[in-house]
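Consider the two complexes below, in which chain A is the common component and chain B and chain C are the respective partners.
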Partner chain A sequence: MPDLGIEVLFKGTNMLRLLQGLWVAMRISLISVLISMPLGILVGALMTVKNKAVHAVFKVYLEVIRIMPQLVLLFLVYFDTTKVWRINLSGEAAAIIVFVLWGTAEMGDLVRGALVSIPKHQYESSQALGLGRLQTYVYVIIPQTLRRLLPLSINLITRMIKTTSLVLMIGVVEVLKVAQQIIEANRMTTPNAAFGVFLVVLMLYFVVCWPISMLARQLERKWS
Partner chain B sequence: MNWDFIFKYLPLYERAALLTVKIGLSGIFFALLIGLVCAAVRCYQVPFADQLAAAYIELSRNTPLLIQLFFIYYGLPKVGLSIKPEACGVIGLAFLGGSYMAEAFRSGLESVDKIQWESAASLGLNSAQTLGWVILPQALSTSVPALVANVIFLLKETSVFSAISLMDLMFTAKDLIGLYSKTTESLFLLVVFYLIILLPVSVAGSLLERRLRHAGFGD
Partner chain C sequence: MEEPILKIENLKKAYDGQMVLNGIDLQVRQGEVIVIVGPSGCGKSTLLRCINALEEIQGGSITLRGSEISKGSRTAAALRQKIGMVFQSYELFPHLTVMENILLAPTKVQKRDKAEVKTEAMALLQRVGLAAKADSYPRQLSGGQKQRVAIVRALCMHPEILLFDEVTAALDPEMVREVLDVMLDLARQGKTMLIVTHEMQFAKAVADRVVFLDGGRIVEQAGPEEFFTHPQTQRAKKFLDVFTFEDVHAEKAAASAGL
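And then the complex of A and B:
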């Protein structure tokens, strides 16, 4: 068996440091998810409003955010706030701002899609049954929307978790940065550490994201 | 905004954009190939290959491209597999994209009813004719929205290539910010060039989707 350099993780507190780095990345995604889910629901609901001006404003916001690579957004917020507005944002704060903006746009689009996918006759049938506006939403529309929405939004969560790996590029010390530090520090004693350590980081992300993806798939299968 | 600076460094960005497009397109091409093979293998439940494709799809969809690239670029040389940065970019993108394309093709293939095979057979078409004239056109028109979304997604993902020292748009922007501290101008050019690459794809994609909707059956 060739030397794969995994043993470097069992030295000292290396594995613990790696997990702490993973927690930094997870914390950023968790906060962003918690803020952008409710905001996205609001944006998605507003997108279905008939008012043309409201619709246009959100449409532009959605398209602008979704066409730019997330890394470009990170650069814009991280470098430009310092330069133009003289605010010194930490990398983590910039990351949360970007992921909230992006997550809200994506979630808004999912909510809008789920809402417009409810056929018009559902509203009409509810009315024919004598349900009020509020009752129609609570008993008929929202349960159906949720069934379509939940698997998709769980998938969005895994996408946001995977995207947090980018914060390395704006100087946040997260799992990938810690991995680089460990590899550098052990360059002499474990020259092959890059293989083992990056493989472990890859697996850590897999271990986090895979169960969430499976949950989304199961819900999709159950409800479709 | 310093326009002299912008015009001076425009060629740098052009070169970087070309590199981004070149690697992006090659990666997408191989991703489509991998996706097609995986989708076929999964759809027709080829023994062993089916499980292999399923495992690959799960691994690739649940890990970030940046870490896949780090593993390919920094990790693999340690076990004797040295790959050039450009090739790493293409391999990484194909590895990531293959699974997304496979899922898109598969949902298309699965959307075609079994009765289409039977009707084609009863009309006297052989299986190659059935696939080419009946199944694929319907499957592809269902897959197109997902395929277009994947192409845009993969082009956007190319932005992480700067991490493996490829001189792409992000690399150029970061370099200029570091060297001359012309942050606004560098970022402006970065956004403009990404728009030049991504907007036409996005517009062409939605046109294609609208065009192909006529091929749909039943609605």
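And then the complex of A and C:
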């Protein structure tokens, strides 16, 4: 077996530090997800409003956020808020702001898509049965929207978790950054550590994202 | 003569300034089966949609037992309970089972006892040959089966009048029959029905009265025998001609004899 230098993780508190880094990444994604999911539902619902001005505003927001690479967004928020407004944001706060902006836009688009994909006839046949407006939404439209939405939004959550690996670029010490630090510190004694440590990081991401993906797949199968 | 339950007077409906229904007068008596025929775009589906208050009307009135039907009014939902409608594309709710589809409106809108409605629904499903499908989801049914469920779903609301909007138009030919048989059965039971269809043989068999619509107006109405054998207007004749084909055998024989 080739030397992966995995033993560096058992030196001192290295493994614990790595897990703490993972927790930082999870905390950023968890807070962002919790905020952007409800906001996204609101934005998505507003996107289906017929008002052209409302529609235009959200359309611009959505396109701008989605076209820009997340890393550019991170730099913009982290460095420029300090420069322009003289607000001193911590890296983690900047990361959460960017992830909320991005997650809300993506979620909004998913919600909008799910809402408009419900055929007009579903509303009409509900009305034809005498269901009121509220009853139509509660019993017919929302259950169908949720079924379409849930697998898609779970995929979005895993994408958000994976994208937290970018926040080391604005100085947040998350799992990947800790890994780099461990590798750097042991460069002389264990030159192969890069393989082993990154392999463990990969497995940590996998352990977090895989159950979530499985859940999405199962829901998709159940409701398709 | 018995007082009509549905009265349509000088009904006008336009889409973007384009007149679709231009002064329709029609009265429907209890137990009457009216078949509405006409070329596509003549406004027959729109007429049904107006009766069920799915469309706003621009003039005239529609009254069901004296209450006026209009879209968006407070009474619209209450009146719609008395009018059952079956659509061309079934429109079952895909996330609910057959039984849940049927139970939804009677239990949530009419607040009837679930067990009671369920018994009734089972009996009706039995009648249309679908008792075994009560717990299936719509996606597991064929088009004809879905349409029969849609009919049962409408029936369970105990409507005073049933509207059928080209209910067999999206079905494969062998499934058309099973749906039409259910409708014939309903006619025999004395249900009041307004049927839009392109199935002329069926129209002839089921109708008490045939209404021919063209260009947003009622051009002709008559009993089925009379309408199909002796249409009075040129337009009805032309329309009915579309459904018959000239026999080519005689011409072919003549042509070959001439050789």
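Criterion: the second predicted complex is superposed on the first by the 224 of 224 C-alpha atoms of A that agree within 3 Å, B and C clash if a C-alpha of one lies under 4 Å from a C-alpha of the other, contacts with A are read in each partner's own complex, and residues count from 1 in each chain.
Definition applied: a residue touches a chain if its C-beta (ideal position, glycine included) is under 8 Å from a C-beta of that chain, and two chains touch if they have at least 3 such contacts.
Quantities reported herein were computed from a predicted structural model and do not represent experimental measurements.
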Which superposed partner A:I6 touches (first chain B, second chain C, both, neither): neither
Contacts of A:F195 with chain B and chain C, given as first, second, both or neither: first
Touched partner set for A:L215, first chain B, second chain C, both or neither: neither
Superposition-derived comparison: chain B or chain C, residues of chain A touched: B
Partner chain in contact with A:Y205 - chain B first, chain C second, else both or neither: first
Which of chain B and chain C A:L129 touches, first, second, both or neither: second
Shared chain A contacts, counted only where both chain B and chain C touch the same residue: none
Touch list for chain A against partner chain C, complex: 121-122, 124-132, 135, 139-140, 143-144, 147, 223
Touch list for chain C against partner chain A, complex: 52-54, 77-78, 80-81, 83-85, 87, 89, 91-95, 104-105, 108-110, 153-154, 157
Residue numbers on chain B that touch chain A, as the complex places them: 58-59, 61-64, 66-68, 70-71, 74-79, 152, 156-160, 162-163, 170, 173-174, 177, 181, 183-184, 187, 190-191, 194-195, 198-199, 202
Complex interface listing, chain A residues touching chain B: 2, 4-5, 67-72, 75-76, 79-80, 82-84, 158, 162-163, 165-166, 168-169, 176, 179, 183, 191-196, 198-199, 201-202, 205-206, 209-210, 213
